[in-house]
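Read through the structure below, which is laid out as structure tokens, and then see the notes.
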Amino acid sequence: MATCCGGLKLDPAVREDARRRLLSVRGHVDAVLRMLENDRVYCVDVLKQVKAVDGALAKVGNLVLQSHLKQHVVTAHERGDEDQILGELMEILKYR
Amino acid sequence: MATCCGGLKLDPAVREDARRRLLSVRGHVDAVLRMLENDRVYCVDVLKQVKAVDGALAKVGNLVLQSHLKQHVVTAHERGDEDQILGELMEILKYR
Amino acid sequence: MATCCGGLKLDPAVREDARRRLLSVRGHVDAVLRMLENDRVYCVDVLKQVKAVDGALAKVGNLVLQSHLKQHVVTAHERGDEDQILGELMEILKYR
Amino acid sequence: MATCCGGLKLDPAVREDARRRLLSVRGHVDAVLRMLENDRVYCVDVLKQVKAVDGALAKVGNLVLQSHLKQHVVTAHERGDEDQILGELMEILKYR
């Protein structure tokens, strides 16, 4: 699952940016886990933090998506793998 | 931020369930971080995992939301804090 | 489907506001329909308009939801119909 | 707004399909408008219909998006307009 058959790969700079952002997401998840150890924690405070984590995660997704579109999708017809590229892409964009 | 002025707090069983699910979300985030260390990782594989993490995180949010509605929102008029409860709630539901 | 067994009903002022906004949504849908009669219409122009219609429709939904929370949800425990109210609400909020 | 400078246009079959689906969306909007004329209408019944309209509208958007990706995005590098194509696309996909 982690590497693609066709040799297409995530741009190194984007990969590093995504990794750093995801580390920050993990830190945020840890903070919510600590909140949940407090038996007086209020639902809405948890919900706000979950929403914030979700926003940060969505940014990681958008970053990788943008890179994929730029590096691989706009050149798919030239490479001849457009059917696979489009199928994968619609699967990801569904219910986004 | 972690405790509420009004003494309302997250139901203990839900808090524990949310904590366990969020631990699993963190494990999933760690797995994506490991994917991102592989310089041959493919964008779409990352995007699929980010989407899966997002789905798991949304379940945590729904769990806490459902508990909040049941424990605190349906009784807000009786308690007399409905304005605060409604304000908070619409803030969370916006752009969900 | 159009009226509720329990006698709960949409607040008249909100109903009128929702109706006016939905008339505007319909006008916007008509405009997109006219765009689609033009055989030179560009995908992205259609997508932008569909997105705008979606935003206007979401506002109608938020308006009615806010009214429902205020008029019926915060009083559900007093009325004793909280199970039905909560079941309906989670159904609506899912995948929102 | 309705036609694109670059000569790119929505595929005729997709355009016709989108038009037919959007006519059905309009019919659905009209039905909700009639619901809103009933002074006993229940909030949740309106919300369910608004959600259904939203789902139908999202299908129109997905249809046009899929066609755009297939007809115009995968060939953007060949045409040399990838910067414009990518800018437009990310704008549409944001907050989708």
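Going by the order they are written in, the chains are A, B, C and D; count residues from 1 in each one.
Following the convention adopted for this analysis, a contact is a pair of C-beta atoms (placed from the backbone, for glycine too) under 8 Å apart; a residue touches a chain by one contact, two chains touch by 3 or more.
As the structure is a prediction and not an experimental result, all values here were calculated from the model.
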Where subunit B and subunit D overlap in contact partners, by chain label: A, C
Separation of mean Cα positions, subunit D and subunit C [Å, integer]: 17
Chain centre separation in whole Å, for subunit C relative to subunit A (CA means): 30
Rounded Å distance between subunit A and subunit D, as computed from the means of their C-alpha atoms: 24
Multi-partner residues of subunit D (at least 2 other chains): 65, 89, 96
Graph class of chain-chain contacts, one of line, ring, star, complete, other: ring
Which pairs of chains touch, using the document's own definition: A-B, A-D, B-C, C-D
Touching residues on subunit A, where the partner in the complex is subunit B: 1-4, 8-10, 12, 15, 18-19, 22-23, 25-26, 29-30, 32-33, 35-48, 50-51, 53-54, 57-58, 60-61, 64-65, 67-68, 71-72, 88-89, 91-92, 96
Subunit D-touching residues of subunit A, taken from the complex the two chains share: 62, 65-66, 69-70, 73-78, 82, 85-86, 89-90, 93-94, 96
